[in-house]
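Going by the order they are written in, the chains are A, B, C, D, E and F; count residues from 1 in each one.
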Amino acid sequence: MPDDHAARVAVLAQHPSTLKLVAIALDEDIGRGDVTSAAALPPGLRATATISTEEPCIVAGLFLARLAYQLVDPTLTVEVLLADGAMAGVETPAVKITGSAAAILAGERVVLNLLQHLSGVATLTRRFVDAVAGTGAAIVDTRKTTPGLRLLEKHAVRMGGGVNHRFGLDDGILIKNTHVALGGGTAVVVGRVRARAPASMKVQVECRSVSELEAALIAGADAVLLDNRSPKEAAALIRLVAGRVPVEISGGVTLANVAAYAATGADRISIGALTHSAPAVALHLSIEVQA
Amino acid sequence: MPDDHAARVAVLAQHPSTLKLVAIALDEDIGRGDVTSAAALPPGLRATATISTEEPCIVAGLFLARLAYQLVDPTLTVEVLLADGAMAGVETPAVKITGSAAAILAGERVVLNLLQHLSGVATLTRRFVDAVAGTGAAIVDTRKTTPGLRLLEKHAVRMGGGVNHRFGLDDGILIKNTHVALGGGTAVVVGRVRARAPASMKVQVECRSVSELEAALIAGADAVLLDNRSPKEAAALIRLVAGRVPVEISGGVTLANVAAYAATGADRISIGALTHSAPAVALHLSIEVQA
Amino acid sequence: MPDDHAARVAVLAQHPSTLKLVAIALDEDIGRGDVTSAAALPPGLRATATISTEEPCIVAGLFLARLAYQLVDPTLTVEVLLADGAMAGVETPAVKITGSAAAILAGERVVLNLLQHLSGVATLTRRFVDAVAGTGAAIVDTRKTTPGLRLLEKHAVRMGGGVNHRFGLDDGILIKNTHVALGGGTAVVVGRVRARAPASMKVQVECRSVSELEAALIAGADAVLLDNRSPKEAAALIRLVAGRVPVEISGGVTLANVAAYAATGADRISIGALTHSAPAVALHLSIEVQA
Amino acid sequence: MPDDHAARVAVLAQHPSTLKLVAIALDEDIGRGDVTSAAALPPGLRATATISTEEPCIVAGLFLARLAYQLVDPTLTVEVLLADGAMAGVETPAVKITGSAAAILAGERVVLNLLQHLSGVATLTRRFVDAVAGTGAAIVDTRKTTPGLRLLEKHAVRMGGGVNHRFGLDDGILIKNTHVALGGGTAVVVGRVRARAPASMKVQVECRSVSELEAALIAGADAVLLDNRSPKEAAALIRLVAGRVPVEISGGVTLANVAAYAATGADRISIGALTHSAPAVALHLSIEVQA
Amino acid sequence: MPDDHAARVAVLAQHPSTLKLVAIALDEDIGRGDVTSAAALPPGLRATATISTEEPCIVAGLFLARLAYQLVDPTLTVEVLLADGAMAGVETPAVKITGSAAAILAGERVVLNLLQHLSGVATLTRRFVDAVAGTGAAIVDTRKTTPGLRLLEKHAVRMGGGVNHRFGLDDGILIKNTHVALGGGTAVVVGRVRARAPASMKVQVECRSVSELEAALIAGADAVLLDNRSPKEAAALIRLVAGRVPVEISGGVTLANVAAYAATGADRISIGALTHSAPAVALHLSIEVQA
Amino acid sequence: MPDDHAARVAVLAQHPSTLKLVAIALDEDIGRGDVTSAAALPPGLRATATISTEEPCIVAGLFLARLAYQLVDPTLTVEVLLADGAMAGVETPAVKITGSAAAILAGERVVLNLLQHLSGVATLTRRFVDAVAGTGAAIVDTRKTTPGLRLLEKHAVRMGGGVNHRFGLDDGILIKNTHVALGGGTAVVVGRVRARAPASMKVQVECRSVSELEAALIAGADAVLLDNRSPKEAAALIRLVAGRVPVEISGGVTLANVAAYAATGADRISIGALTHSAPAVALHLSIEVQA
């Protein structure tokens, strides 16, 4: 059962971090004004423009076109033609903008930069999701996001069919091997965390061996992370867990091996590349003088 | 002769947009605090950590480690071990941090996210630069940058041996085919721009045909852009220019074909993928209790 | 086992929300400058001042004195004499400031306003904690905090021996009766949430009857909230839970009845008044010309 | 004759400090989004909600409900049902909100926190004002306000029938005993201030004895403050002033003794507790699916 | 052929720096509220006001009246009666405002301060432009602008018929004598800059002697600046340039001597006084109760 | 007896509005970086620079050189050689800067723009002060300041020997003829203001006739403003006041007639031109390679 996408997109479009990022991006690109358009275009020219896809993809972040263009020139009309998460083909129109030609061109690059990146994240996520279809494994993102774009990238992951891991260090507990090493071993650290941690959060523990896994489960871990294991090693550890808690796999997962990891019986497979290495999807804006 | 890298890095590290981005990234990740470390670590634990590369790459943005960690905890000691632009191998130490273990872990993800991305941009740029070595062509970036990271990504391009195109719509003139189409043809538009444009800027014109090229040169273009031409088409047009103005090529350039484009005699080859599709370089932070 | 107070205070003192609040408070009070001191004091006068308690209390937020005075005049010397959470008596010195008399007086009111309020929260929390001593019940705060001061007030609650509930709507799940009513009943809503909610979070459910309680537990609630029940009603419901999940009580809890609520066997008792109705603790600043 | 309340409220609702505080409060509470409502509610659910009082009180700050809900979701309809300063009973409806159920719940806590606190300030003020009814004494606030909320709390004091003292250190002169002690005695300090102070401001002087009072009046004080005097001491000093300048009383004033202080003939009685120790008024939001 | 004034003004009115400056100016003047109007005016009074010129001038910045009054009170109606750049006489109505009298007076001073200054800049520019009419010389501004007002002042210069020089250190190259002296002489420095500078920018070089001029031209300067030369010296150097590159004159230019400088054949004459020493134009706001 | 200049300058240098203005000014001028110096200077070049006056003046705002250069490059050494308010001659050194040549040049224009303007205000003020020397009249500023620079310009006025009028609409009461006209006549309006206005503020009233003057005094005005009167008219009205309250003159005051106005016996003469039309003082920065 899907959650309330429309409401979430509305919240995201209003979120202070979204507004701040779009404003920064426009300021960064437009600066003191578009000198080319100011000089090149006939005064008062009005135009109609369409943003279309150049390749098959999952679109994401289209609402940012409206947001950005409202900041550039509130008299522009912006019509979003596709729902976030929709699959688009070659030359599918996604956004239509009408109004001052100079304003449309002033915002073009920022809008395309945002949409190309977020659609890239959604599209790559979808490829991973498709690759594990039929298994019980969810494709999950990480905190390896582009600085300033975390909420938007996590949205794009959802649009691609992925599931969000924690959004920051403050809304979920994940005891990694560094905590274990610094804190005195799995049993000690998991025990300490169970005693001190916020009551609202589950305790997930990275385990690198059978003994760590057993210590974690005995100490009361609510979930387990297996990092940088081969599919075979992971499968063995998952058999040991035997369904007592959910198991997440991470590290070294690619489109080539994700199916093998999904076949281990893992509940979740988390992949940093979804957000840090997704190639941009090709989009372009075509514009013509308003009839 | 290289420009003054040290001074530029100093300026960049002080730049309001850099400080704002790093603060946003930390706020986004740390939020109300790192609940795991607060619960997992023994009180007052001090540690030493090293950020190292996991694969050969050109490092970029290392100064951001110092910046970010100063915001997290000003009592940390941060030592940057490599110069931006240096080539690193597998397991090359790049940054060393000493102080509160909790603070080191709190900033880890943001610092790695920044360094992995910028080093990715620098490394991809270097691969293009190497591919055209020996020709006269410069590898040039575009405005297709990640929102909020333009100055940093343009720095990373320089660190990879690339050259920066304009930084925004306000510091350079580039008459694209959209301007030509909306404005009444090459001759009219170039003429209008020469009359109106800031005296300090050169006029670069995108040309899609022999007739546009001739019109642009007659109208006084200072430079020419050939977009989405095959190497063969580009070479023919460049012969026509015959060195009168610099020629830039863009569109569809890949590592596979960049050498062919460079062989056309183009002065500059601009590539959006340098910034919008560079895969992250793998880095990791190892940490141990301070002896 | 206490968590790492020193590290948490350090984080809090660096937190963007703390810095912003202190800056707002100073701007609000000092405005364009202290006209009285500028006119009344001899030029260049240096002084020593002490902030002391006027009544027994738990002090909290003392580090804000250093923060605020650094913004007023970085040449002031500020010495914090007590640890946050310490019990103070009548006329216990808490902070000592040395430097420009005008600067000390300019920051006085803001510093006292912050310390009086936060110490008030800590002191009231301690009275509740003392009232339930010997039972297993923890005293817990709520989201009923003063706008802009949530992190600081939650810190003060900890300093008084209390435990923090979730910090916002994004780091914990609490299904209230409104969600149950709007969403189609306890079983439906708890089921929906378990399917959709972030994997890192537990699901707490408010239950107003035996049937709701049973539905919640069957649907997989991780914790239960009993709101606005009498101690007797609460005790009956808690017997029904029989230790399967932790139980929290809220609503109508006062110093007079908190012990009765604790005697029900509840694990946690949450009290909005800790933060929204704590009377300020009386503090004062005494100042004299520097010898 | 009352001043222009409607205009003042309009100004306050537009004031940068109000907008900033509401934005901070929402960010603090909603963070990255309301995970419970996102998971618990059926997609697209619309509802109607009413904020009502639970106890007799003076309401204040109701306009903030509109402001906050506009930031949460501009498509919500917010109807304010009572004027600020109105007296409400038990279960008096004060604000009605219609629209997305998720949005209404997302803003609920922030709106209630603001209204409960400000109505608490107004209600406590009114109790003091009622206690001195029939005397000539005005009930006056202080700078002992909650950091970040000064303008709003001073508004609430007015709504309760109180009068505002200066808003900051920059819009009024009050020579306290610290200034007298540091500056060389009453006569010297008052003389110095009269010579240097802004021409637009009156000079108020704290006096602790007959001799200080006489020195202040001789030196040209425009008003006098008696701090921490018993009603009897204050009455004696006020007889000495004999109406030459207005007299303000402060320090140790409670609901139990305020009438005695008013009977001294004082013109103004200032009370820090109005803003730093007013208990929150109980309000609640009830919500149901839109018919 | 004039550029697109309407579009540029629209961009300027939306520019972050404009919005920020207007907000700062209002905050600076209105602070916590207009105490005089709050006390002096009958509640709810509505009025009509007109801003008119008191002396012949070129008006500039009129759109700021709309912007500022929207921030003060969005229910005000603001009608701008003249186009920026229009010539006004004595008592020419420029802006009409209708609505709350208190709001009109609250914004009056900020609006007048902005319009008086910018119209002053436009008017002074026009006097210089008129003084060189019939020569080929353009009147050009500098970076000697009022901090925070650069974009607005550069707009006012255009409205007066002037031409903008670079907007900052980042959008144009100007090698001054300091660069020459620090960098090793004209030939060396111009050569170094041509090799390193952004490809989109021309290279302008300050020359103080025949030899510097010749070195600059040989090294490839795109334009030349003659600073602090007498008209006679300038004319001689311009003859030497013989139209190879555009020549700009600066330093010591006044209304008395600008025609002599224009007669030298210079292409551009840049004048810091346009922005740093333009006297304010007298404007006033008249207001009456709405009929 | 002068007030505490050193303390006031320290406060001003720390004031949020000062920090914000300097940051805006630097951002406005430096933007993405100084392309000329980056290309023209040898890498790592260090230099020594001196800011000196080119004409006799009163210097003001010198502390801003330190502030601005710290933001540009915290490793620069900045030595302020004169006290604000000092009289300087031709070629008097005022500030010395040592460090990176590129950093010194990057901040040069912003620092000079600030110092030239503020010294211009101080110098013009001093000329008015000198012109009324020996009379009892003080030279007073107005709210006709440059947007964003009010605190700094008011400081410059003090440095020139002037006296500050109110800083905004919130820290002083001035009933102008608009208030009188809108509010129902002098007697009504002054009475209303006395009843409603903040107790800490005096009531100043603009009077345009004998009858208004008498009405104002009867209604309890604390001070009087005569606007746009000739010296003769003003003298007659001042005789009527006969010392009962201070009298301020404004409107049409120039260096040519200020002595005549001072001879009327007025206590204060306020002059908008001090801040809105002061010509910049000529300063320059000379720089040489560090020995």
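Rule of thumb we're sticking to: a residue touches a chain if its C-beta (ideal position, glycine included) is under 8 Å from a C-beta of that chain, and two chains touch if they have at least 3 such contacts.
All of these numbers come straight from a predicted model, not from anything done at the bench.
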Contact-graph separation of chain D and chain F, given in steps at minimum:
1
If you tally the C-beta contacts for A-C and for B-C, which one comes out higher?
A-C
Where the centre means the average of the CA atoms, what chain is farthest from chain A?
F
Please tell me the distance, in whole Å, between the geometric centres of chain A and chain E computed from their C-alpha atoms.
45
CA centre of chain C versus CA centre of chain D: separation in Å?
22
At least two partner chains per residue is the criterion; list those residues in chain E.
3, 31-33, 38-39, 41-42, 106, 151, 167-168, 170-174, 192, 195-196, 198, 201
Quick check on the complex: what are the chain C residues that touch chain B?
2-8, 10-12, 14-16, 151, 167-168, 171
For chain D, which residues are in contact with chain F within the complex?
1, 3, 163-167, 170-174, 192, 195-196, 198-202, 204, 223, 246, 268
Chain E partner, complex, touching residues on chain F are 17, 20-22, 24-25, 28-42, 45, 47, 101, 105-106, 109-110, 112-114, 116-117, 120, 143-151, 167-176, 178-179, 181-184, 189, 192-193, 195-198, 201, 272-273, 276-277, 279-280, 287-289
In the complex, go through chain D and note every residue touching chain A.
23, 27, 31-33, 38-39, 41-44, 71-74, 100, 102-103, 106
